[in-house]
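Same chain, two partners: chain A is paired with chain B first, then with chain C.
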Partner chain A sequence: MTDATLGSASSVDTIQSAYMAQVQRRRLYGGITLLLFVALMVSGFNIADARNAGGFWDGIANIGAYPADVLSEAWEKRADLPALIVKYAPALMETINIAAVSTLIGTAGGIILSLLGTRGLARWPRLIPVFRRFSDIMRAVPEIVIALVLIFVLGGGPIPAVIAISIHTAGALAKMFSEVAENADLKPVEGLASTGATWAQRMWLGIIPQVAPNYLSYALLRFEINIRASAILGFVGAGGIGYELRNAMAWGPGRFDEAAAIFVLLFGTIVLFDQISSRYRNRLTEGANA
Partner chain B sequence: MTTATMDIAKTQADSLFKRKRIIGFAAPVVVLAYFVYIFFAFDLMGLAQRANWDNAIKLASDSWSHKVHVTRSSRTGEIDYAVEGERKGRYPEGTRPDWVSGEDIVSIDLGGDTIVRLLPDNHTEIDIPGYGLVTAHLEGRQVITNLQEPLPEWINASDRRVGITTPEGRITLTGSKTEVFNYFMGWELFWFTLDSPYHGQSITKILFGAQIDPARSNITGAVSDWWNNAMWRHKDVAWAIGETILMAFLGTMGAAILALPLAFLAAKRFAPFVLLRGATRRVFDFVRGVDALIWTVVLARAFGPGPLTGTLAILITDTGTFGKTFSEALENVDAKQIEGVTSTGAKPLQRYRFAVIPQVVPVLLAQILYFFESNTRSATIIGAITGGGIGLMLTQAIQTQKDWEEVAYYIVLIVLMVMFLDWFSGWLRSRLIGRKD
Partner chain C sequence: MLEIHSLTKRFGPNTAVDNATFVVDRPMMIGVIGSSGAGKSTMLRMLNRLSDPTEGQILFEGKDVTALKGAAKREWHSRCAMIFQQFNLVPRLDVVSNVLHGTLNRRSTMATMFNLFPQEDIHKAIEILDRLGIAEHGPKRAEALSGGQQQRVAIARALMQDPSIILADEPIASLDPMNAQIVMEALRRIHEEDGRMVIANLHTLDTARRYCDRVIGMRHGRIVFDGTPEQLTTGIAREIYGAGADFSEAATSTEIETLDKSGSQSLEIA
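Moving on, here comes the complex of A and B:
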């Protein structure tokens, strides 16, 4: 009896000391990681600061200067603002159209790529890695790269932007879609296969109805992202509201009311589509009642 | 089941089918109508006129080939040899490519029996197999040739300028100079420029052979000449990629650090004041809605172009996104663990540290790592606008419209960089929070 209590007491001691040692070690590792992280952040910030044209501490004092200039001038000319908003509405429409078309094309491409790259569904199972790498590359190319090259060939305008965003969208959606498709029930596919359905029919009738809500929700999220992307591409010459923004910026003071009108339009559009899509996405993922 | 309920079920099923059928037809029709509208709105018909296929061919061939310019000045008669016609690709004094021969009559062998002879007094002879001998000379500012009408499609001649494009190379004659372009496959001078002693040496010779440059050992000399290659600027490219990754890293991590405490203010469970909660959420919505483009434009005014501006633009936009997702994660934490920690007498800060943070860390880390990867792409794009990193080098190379091999090189590097970070962030995530995808 005494032996047992003694034994358990010493084992509790060893457990406790082992536990304490472990805690110490974990704290040490955690501390080292934290220290490394802080060192990385600080040195990184210093490098970025040194390589920037203007320093951080000088800039932070002036950060409000430009918005204040724009706002005060826009406020002085506030009577013109509605007219300017109407003036730039077609450009905004073009930006939204670029986003919408490229989302549609990209979604179609993403669906095909995802089905061809998902285990259990692929038309040619041996080619799965090929399609996956292919969509990885499509996803990795930033839109601006394709857009700039295409602007050189096709001239400025919405088409280069549509192609560039479509390619990136197809790659990005292919990855998300194939994660959804991996969890799809294969029984309908087997049933369809037993009736002699072709691969396209099996996918269209057996898989797509199962995954449609998730696909739609991802596509909506992409649409939201693509509006931002299409505005940015406009800035480098692909037309739409971004192009107008760059021009308005280039004119500088005196035309700040135009810049302000474009800011307002862009901000309003992004927030609007953000709200619509997040509301609709909630409904899609949580059922019609939510 | 009675007949009545059967009937109800049947009409319900019928109407359901009818609705599905209408949607099944209407949705494609709507999409089609939209595309028809876009076809006209984007002026697809006019695209054929706007498109410049010569540019496309130039781009496609230049991106994997290079040319060596042989330029004769009409005034001095001096002949200059330079890769891509650039100063930094010039052959050093007294050297020239081995396909050029002769002293008084300089004969340029373009390959495939196409030979250009630069004769004294600005006379030129071009021997084109299958077409014959073209002779040309200058009279004042005029180019006089023996070309007869009708001219083939690949010759374009006026009395001021004659351009001949053969499969082997291109010859341009103008009043001021005669230029011959000889095309070669591959990227020129990628390792060493012509003024480096290591140019044209094999790897084994550099690694194991006798010392080439008496002042430096072979490996240090070769590495430093490659690193400082003026044509491809490997050093600047490496710095630019570093800057882009730095922008993404600092922006993402800075945003996460800022967003975490703010997310507590925006989460229903942790923020007692409705007003403060609403205000924090509106701030998140606002910085997200303003968008990286506008932030970049505004910040570039205050900080000037460079990586810091890009960092801050990413940081501000992502603070909004992180704030929203973090606060959603915080609202979904399990209350039991908080109660448990509270029962030990923990103060609020300790409660957050030991009951809340451990629960949300996996979600947060997954978010942060995903954004880090996607922000390397954003940093490339923002860099192109605000002037920093590889994005800027790419736009500059595209805007000069001649260094397409450099454009191709940068594109390959960007794709490799993004794919590497995609892999790296996935690897780190699986190490930190277990495999999930």
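Moving on, here comes the complex of A and C:
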């Protein structure tokens, strides 16, 4: 018994020192990583600051100047604000319409691409990589690049914006939809296949009912994102409230009240749609009672 | 030492624990038995304050545990260690780190993030693991261990807390008979050698008889039996489980020896 205790005591010692050595090694690696990270962050910041035209530390004091100008001018002309909000409401509607239409088109495209690119569901299993890379490319190209090209070709207006956002939405949603569809139960699909249903019928009746709540939830999230995207595309001439905002800001002092009105509209809309869609998405994921 | 006064827990219209009252005057090993849904787990979770009682009071050494909040409540968690049916370890971390989690109540979040446990704690953790016979698994990931070994890691984590009470919620329900025996013997040894109070929910009668000094029987959230294992007759056991005359202890036994003595009513009291 004493031998056994002695034996276990010495083996505990070895285990302890071996584990301590392991801990020390891990701490050393962790410390080096942390040091490298800090060094890279500091040097990166210094390089960026040196290349910056104005310099970060010189400019940071002025960070409040522009908002202060806008706010003070808007405050002076606050009586005009309601009228300006009414004036720009149609432009806001255009922005929301662009977002809604492109979300609808993008969702439809995303569903088709995702089903064609999901293992176990695809119509042509060998073409899965093709459809996947296709959707990768669609979501890799920023909306604003597509929009700039299309505006150059088609001229300004909402159509280039709709096409640009739709392409990006289809690519982004195809990825998310495909992950949801991978987890879907394949038994209903097999059952439908045994009745002689076509691929589209099998997907429509076997998969879509299973994944619809998740798809809808992702599509709503995308709608929120697309409202912002469509406002930004206005800056490059795609119409809507972004276009008006750019004009108001480019004019400089004198039309800051209009800029303020547009900010109010834009901010209010985004908050409103975020709230509506997050409430609805919660209901979809947690059930109607929650 | 530990006093529980009319402890009640309601979930909506359902009463999980109904007016439970008992007093423990010295550290002992207590087995709580009853069919599933009798409120055993809920009672244990309330003792640890993982869930809050609807009514009633828990007093430990004269201090009202039910009134604790924030840091004081977390300090109570650390004095009242919990062992779970599914072990509840962090699977991807190594065994020693899992045991060191027993000291988290004394560690700052910053020190935890950088994994800075003091050397004496690391040594102590390995000694505890050695006491439970699994020191050689220390550097392995917790998920690489068998169920019985993982449960012993969980016991080691509990011991690392240096607790006054160890609560075990069905500690052997997911283990095979051999590992169940090792784990129960470990709990019994902790009680005998360290003088810690152990309260274990058990789903088999013979385990309660064999390892516990006192047995509490629950049915529909009420305590219907509180006494020594000797007082727990087959008639009372039938009452606790709401079973008919065909109820036999051997049918639910997880002990290997029961196979030899099944049919006879011999009771082994360790």
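The criterion applied here is as follows: the second predicted complex is superposed on the first by the 290 of 290 C-alpha atoms of A that agree within 3 Å, B and C clash if a C-alpha of one lies under 4 Å from a C-alpha of the other, contacts with A are read in each partner's own complex, and residues count from 1 in each chain.
Quick note on the criterion: a contact is a pair of C-beta atoms (placed from the backbone, for glycine too) under 8 Å apart; a residue touches a chain by one contact, two chains touch by 3 or more.
On a predicted model such as this, the values are computed, not experimentally measured, just so you know.
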Three-chain arrangement built on chain A, chain B and chain C clash or fit: clash
Which superposed partner A:Pro82 touches (first chain B, second chain C, both, neither): neither
Partner chain in contact with A:Val23 - chain B first, chain C second, else both or neither: second
Which of chain B and chain C A:Val12 touches, first, second, both or neither: second
From 296-304, 350-358 or 422-430, the chain B stretch with C-alpha clashes against chain C: 350-358
Chain A residues touching chain B - in the complex, by the definition given at the top: 37, 40-41, 44-45, 47-49, 51-56, 59-60, 62-63, 65-67, 94, 97, 100-101, 104, 136-137, 139-145, 148-149, 152-155, 157-159, 162, 179, 228, 231-232, 235-236, 242, 245, 249, 263, 266-267, 270-271, 274
Chain A to chain C touching residues, read off their complex: 8, 11-12, 15-16, 18-20, 22-23, 26-27, 30
Chain A-touching residues of chain C, taken from the complex the two chains share: 96, 114-117, 119, 122-123, 126-127, 130, 135-136, 138-139
Residues of chain B touching chain A in the complex: 31, 34-35, 38, 41-44, 47, 50-53, 55-56, 59, 243, 246-247, 249-250, 253-254, 285, 288-294, 297-299, 301-309, 311, 377, 380-381, 384-385, 387-388, 391, 394-395, 398, 401, 407, 411, 414-415, 418-419, 422, 437
